[in-house]
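Below: a set of structures, written as structure tokens.
In what follows, subunit A forms one complex with subunit B and a second complex with subunit C.
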Partner chain A sequence: MVTFILRKLAAGVVVLAAISFLTYFLLYFSSANIARNILGEFASQEQVAAKEIELGLDQALLPRFFAWAGHALTGDLGTSWFTSEPVARALMTRLPVTLTVVIVSIIFIAIIATALGMAAAVKRGWIDKAVQSAAVIGDAIPSFVMAIILVTVFAIQLKLFPATSSISPDSGSAAWIASLALPVLAIVINGVTSAAQQIRSAVIKQLEKDYVRTLRSRGISEREILFKHVLRSAAPAGLTVLSLQFIGMLGGVVIIEQIFALPGMGALAVQSTTMGDIPLVMGVVLYTVVIVIIVNLLVDLINGWLNPKVRVS
Partner chain B sequence: MSEIEVLADQSDVGQKGTVVRSHVIKKILKNPMGLIAVGILTLVVLLAILANVLAPFDPNFANIGKTLANPDSTNLLGTDSVGRDVWSRLVFGARTTLLSALLCAAVAVGIGLPAGLIAGYYAGKFDGVANWVVNILMALPGIIVLLTVRAAFGPSVWISMVAFGILLSPGYFRLTRTAVQSVRNELYVDAARVAGLSDASIIARHIFSVVRAPIIIQTAIVCGVAISIQSGLEFLGLGDPTVATWGVMLSEGFKNVYLNPTLLLWPALAIGLTIGALVLLGNAVRDALEDAEKIKPAKRGSVAALNSRTAPGRTQNEAVAAGTEHHLVKVSHLGVGYPQADGSVKKVVDDVSFHVDRGEVLGIVGESGSGKSQTAFSILGLLPEAARIVGGSIQFDGKYTVAPTDDSVSQSRLSEFRGKRISYIPQEPMSNLDPAFTIGHQLVTPMVRVLKISKSEAKKRALKLLDDVGIRFPEKTFNAYPHEVSGGMAQRVLIAGAISCEPDLIIADEPTTALDVTVQADVLDLIRDLQKSLNVGVILVTHNFGVVADLCDRVAVMQDGRMVEEGDVREILRNPQDPYTQKLLGSMLEGKEPMTMLVSAGASAGGADNEKEAGL
Partner chain C sequence: MKFGPKSTVMAILTAAALALTACGGGGTSTNGGAATTTLTIGLLQDLVSFEPADAHIGHTMPYYQAVYDTLILRAPDGELKPMIAESWEYNAENTVLTLKLRTDVTFNDGAKLDATAVKANLDHFKKAKGRDAYQVASLESVAVVDPATVAVTLSEPDPAFTYYLSLAAGLMGSPAALGTTGIKTVPAGSGPYELDTTNTVKGSQYVFTKRANYWNKDLQKFDKVTMKFLQDVTARTNAIVSGQVDATLLDPKTSKQAVAAGLTLTTSQVDWQGLLLMDRDGKVTPELANPKVRQAMNYAFDRKTILEQQYLGEGTPTNQVFGPESGAYVDELDGSYPYDPAKAKALLAEAGYPNGFELKIPTMTGFEAITATVQQQLGDIGIKVQLETIPAANYVPDLAAAKYSAAVFNLYQAEPWVAINQMISTSALYNPFKSTTPELATMIDAVQNGGEQSAEKAKDVNKYVTDNAWFVPFFRLNQMYLTNKKITVEPQLQQAIPSIYNYAPAK
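On to the complex of A and B.
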């Protein structure tokens, strides 16, 4: 078990290094006019040149990357080129907002999709048809379009929810929940039906397995077969779908945060990339990839716990 | 948001191995959803192609004097905040949107398909490297990457779509790779190789035809995702401001949502309808490839009407035909059928009657497809959901489990017997144990539920049972998972499970077919010994007359769902009346030694030992 985790972690570190370098490599091409952009058009040529040296822009790609990576390894992600705010601090204040939206959404999706998917698989009939048709609608409307629709209808027309939200520690839990409601709803509507459909087919696949028939022949109740055996065997497929949705959400939430003016990582990501604030972009990418690696590791661990075959190998 | 899910979908669309033919296109158009999808997409394509003709204005022409206007005869859908014509922008937006979706899909296919073909066909180092790259690509959140790409290369729709195409290529890669791997070792591909065809032409001729259909489905999904992402980026204001796109229109509408919310309506509708049509098209293609012979469970009523079994099922207290109460099981004129899509019923069991008494072994013998397993499953009440009882009745110990008017097996009546008095030994040992639970757990739970005994008591009995069925180290097997034991051991475990609740009747469905020949004899010996010592009735379903001769007292011969002959085993072996039985016997005995019955006791005991050794 420990070697399993260590192996996964080692693979994660390699992925992290590869992606960091790739991102740095891409950003290298965008850094031509950064110093000028930071100082404004009235700065003199000498000032610009001095700034470039200060930021290390005069150096070649590899030394620059290794200088950044060396600092990153010690936990120093540098400071933003434009606001001079330390990158780590900027991220740590934004990350909880983004993670709250994403984690709350994925929990709702997991619960609702499992219930819907199992009901559709077992009962078939109208509930199955409803899930299938809803899946088409869920797939057809991107989450940000759904968010726009929700804002327009529920916040602007009906005034039931705040149109833009601010999550701060002192705004109180009621306000906090109210400002989360619409963004989470938009994400859940978009994700839940397709997850339900995947869980449905996973459950049907298990229900058709021979061992289910044998369990029935042994006098085990339908309920116990469904909740103890079928659900457990269908769980890895469901987890895979949910983890992929989670990864997708980390990106998709960028647009959602813009719509609801949520102070999460999204705004930071958009600002830093449009301006070419390399330390900040690297910070965003690094944090995102670390989260993805942790999620994948968790999924692997749960799958191992669920499936004794994986556990052994 | 859903961009990554595309990658998860491959398990659904992969490995179908079906070739797209013209009748598939016909089927898609016959499916109302498919027709709607094709209609919408055709419309959008026409808008995009004819944009120059259909749009009265240049998409960027701004009439500053007429901003946020309502629809009129000049501006069909009104104007936006700087006085640009909404209709013209929508039409030109269709062009950009479609082209970018196609570019994205083309890049994804262009990378994923060849890479998948090579990785799947040649495997080896390339496969390893490709999989590593795929894992990295799949760990990337799409929008963050696209933001980075934009930072590097500037606000171009086309560059973003190329980058996004690369991000989506793993979907095609995995799809192709799995499909190719499943075909690569097929006999016809081997044959082509032996026939001297080059790798290139094998790939082109045999393998490409297999992946074509899933690729089309995947492309429909990818185009939808590309449109959604592209509009998302434009909405964030990260696109090229000089190009009219639906995403830019959405963003413009959202800024003016308090002034004129209808500005949001048109681009949102266009995006939703186009992506929806792509999703529907993908589903329609999949359905068209899948359904063909799929059986739809018809309404209860229609089947009942067909068989004039319209009266509601009676209760189990109904009187049993006189003079048959003493039979353990009595099957009378049983018919089992599957409703077809066209409303007819395909009968797989037709007018079958037999009975089994306590302490008696009945063999049901026939070729595959003769209806013998279906008959056995109707007694157990474990027919597939689509199956319907179309005639006859089944009594267990004098009580109806299928009354003469029922159209399905009554689960409530059977639950009184199943697992308690009727038990089942399946054919394929490995797939009949739940891989996620230990063997002990799977033996203990039924006993706890059925016999209402404590877990520790059940464990004691389970260990004894494992010993009884000839497993040498019961404790070790008790704690093992199914994948840790051999097939022969697993079958012994299943037999132990079948006798664990002291049944009166055991239904064994080809219990030795999936086993090695040496193990077969042991398992048959075991069943015979247990049957004798427990004095239970056994229904043994088999295609092997050798097994029948070895084990059975009486035999029923089935062909094409009908019973052609039934009687004493020795009688039928010596003097078969029906020509089919004669043929069956002839094909088994002619020119070769009878199989199982001549295996000597010594040989079989040796086999048992070897088998146990191998398992542990």
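On to the complex of A and C.
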């Protein structure tokens, strides 16, 4: 078990290094106008040149990358070129917002999708049809369209929720929940149907297996078969879907954050990338990759716990 | 266990109820009758830092105006009025500006705002080379005459200098804090409000509270001012329609929605949009050196229809680049180039290009529609426009580096001397090919040394660049500023968003 985790972590470090370099490599080719954009349109060419030297933009790719990586290894992610804010601090104020939205969404999706998927698989009939058609609709309506509809109905018409984020340190948990309710709802509606669909197929597949018939023939109750055996065997498929959704959400939440003006990672990523704020972009990428690695590791561990066969292979 | 339809529905309802509980916190409070004491503004750009030297004209000025005073106050109509400087006066050569200061102003850290502090600020602003450092380009030295008098020496006359002292260059920070890292997040100024650091969330909202014992109660109309950073126009629309913000800037389409929801619309004109014909000496595109070609391009645009279709008519077609309130505006110039493709073709033929020519112009996100129109309208008179899509961040730098002979852009209609230095003089960023003529240089000199007559003299420059078709101005665009019934606002000349002094509680 320990070697398994260590092996996974080692692979994660390699992925992290590779993605960092790749990102830096791509940013290198779009860094021509950064100094000009920092100083503004009225700065002289000499000022721009001096700024480029100050930021190290005059250096070649590899020395620049290793200088950054060297600092990053000691935990120093540098400061934003545009706002002079330390990158680590900028990320630490943004990360909780994004993670809250994503984690709360994924928990709701997991619970609702499992309930719907199992109901559809076991009951079939009308509920199955409903889940299947809802999956198509859920996939077809992008979460940002859903977000706009939700804002119009629940924030503007009914005035139940704030239309844009009203999160501030003193506002307390009620304001947090109120601010996050609509974004989470938009993501859940968009994600839950496809997850339910996947869980449905996984459960159906298990129900058709021989062991289910054997269990039934031994007189074990349907309830026990379903929750103790079928669900456990179908879980890996569901977990994979959820983990993929989780990772997809880290990127997809960008638009949701914009519509609700949530001060999360998405807005930061977009702004820093368009401006060419390399230290900040690298920070965002680094944190995101770390989160993805952790999520993948957790999924592997849970799968192993659910199904000993996976552990061996 | 079997899932019946009932239990499934219950499960869904339970989940939905879970999501909905404790959601009573939202909504807006309405105050019945009594005038409001708070103001919430939705801004398009986030603050970079509270360091005065980082201040930048435009969408981020309100953040600074809340916490810093400027030496000079610019009234909504553009008139310069006393603020920290009670009066000011130039010498006969317009090179030494003497400012008399108020003596009763202190910074929020207790330091006194006197002549020494003013000198420290101007010197720092020059040295720090921030985004608006161009405003002090002509500043040579600052001398403390006595505690309430400073004398500013300029290397050459700068008719816009006093105007700059009402903007970034005039922001006064506490000398002890200038240039420190602390002032980047916690401002140290003498302004009407102080930053409430506990309720401020960088990248989201900035909260300011009324400062006790502020010297000018007339500029302090609210107890609390909140500035929310709302980059997305949909977010701004939702925020104002739902009452989360009291004022914000929208676009023609979203403002229709907001007006339908009962909000008040105030329009003002700041930017002109059009083509900059930069390669006037024909270094890259030889055809552009001929004034007849440039005039032909001016006749090629059906400005009124384009305005109707792309901006719902929110603007005014124009043929000149100086604004009506700038002092350099010449009424009759707006009849210079009516839509006349036949005449345009004739002019091209006269210039020796009956079959037109090829022209490469850049485009970026947000400019797709207008550049496509340019391509089509110029195509109609035989000029084949090739569009090149570039990242938004590269647009201005690429123009400045003279990579394109012509480009579509929005430029703000500034004070004449600012406008000249922005797009007409040889040092102007938007004159990258540095085109000029001896005749024009003389006219520009006259503006610079014109003192009080400066704006009047700029009319000659306006006539020259219009007659010689340096640009193809399309229209002055309307800025759509929306407010709710709790507050009133006066638009500020040449600013898309009003200065914070212009807001007041509705009576």
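Quick note on the criterion: the second predicted complex is superposed on the first by the 312 of 313 C-alpha atoms of A that agree within 3 Å, B and C clash if a C-alpha of one lies under 4 Å from a C-alpha of the other, contacts with A are read in each partner's own complex, and residues count from 1 in each chain.
The definition used in the following text is that a residue touches a chain if its C-beta (ideal position, glycine included) is under 8 Å from a C-beta of that chain, and two chains touch if they have at least 3 such contacts.
Owing to the predicted nature of the structure, the values given are computational and were not obtained by experimental measurement.
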item: Subunit C versus subunit B on the shared subunit A, clash or fit after superposition; value: clash
item: Touching partner for A:10 - first (subunit B), second (subunit C), both, neither; value: neither
item: Contacts of A:244 with subunit B and subunit C, given as first, second, both or neither; value: first
item: Which of subunit B and subunit C A:188 touches, first, second, both or neither; value: second
item: First (subunit B), second (subunit C), both or neither touched by A:123; value: second
item: Partner chain in contact with A:306 - subunit B first, subunit C second, else both or neither; value: first
item: Partner chain in contact with A:274 - subunit B first, subunit C second, else both or neither; value: both
item: Partner chain in contact with A:92 - subunit B first, subunit C second, else both or neither; value: neither
item: Partner chain(s) touched by A:53 [first = subunit B, second = subunit C, both, neither]; value: neither
item: Which of subunit B and subunit C A:290 touches, first, second, both or neither; value: neither
item: Shared subunit A contacts, counted only where both subunit B and subunit C touch the same residue; value: 30, 148, 151-152, 156, 258-259, 274, 276
item: Contact set on subunit C toward subunit A in their complex; value: 1-5, 8, 11-12, 15, 18-20, 22-28, 46, 48-49, 56, 129-134, 181, 184-185, 198-205, 207, 228-232, 234-235, 238-239, 241-244, 261, 391-394, 396-398, 400, 429
item: List of subunit A residues in touch with subunit B within their complex; value: 15, 18-19, 23, 26-30, 136-137, 139-145, 148-149, 151-152, 156-157, 187, 190-191, 194, 198, 201, 209-211, 213-221, 224, 229, 232-233, 237, 240-241, 244-245, 247-255, 258-259, 269-270, 272-274, 276, 281, 284-285, 288-289, 292-293, 296, 306-309
item: Complex contact set, residues of subunit A against subunit C; value: 30, 32-33, 36-37, 39-43, 47, 82-85, 90, 93-94, 108, 111-112, 115-116, 118-119, 122-123, 126-127, 148, 151-152, 155-156, 159-170, 173-175, 177-179, 181, 184-185, 188, 222-223, 226-227, 258-263, 267-268, 271, 274-276
item: Subunit A partner contacts - residues on subunit B that touch it in the complex; value: 1-5, 7-8, 11-12, 135-136, 138-145, 147-153, 224, 228-229, 231-232, 235-236, 238, 250, 254, 257-258, 261, 264, 268, 271-273, 275-276, 279-280, 283, 380, 382, 415, 418-420, 422-424, 426, 428, 431-437, 445-446, 449-450, 481, 483, 494, 497, 501
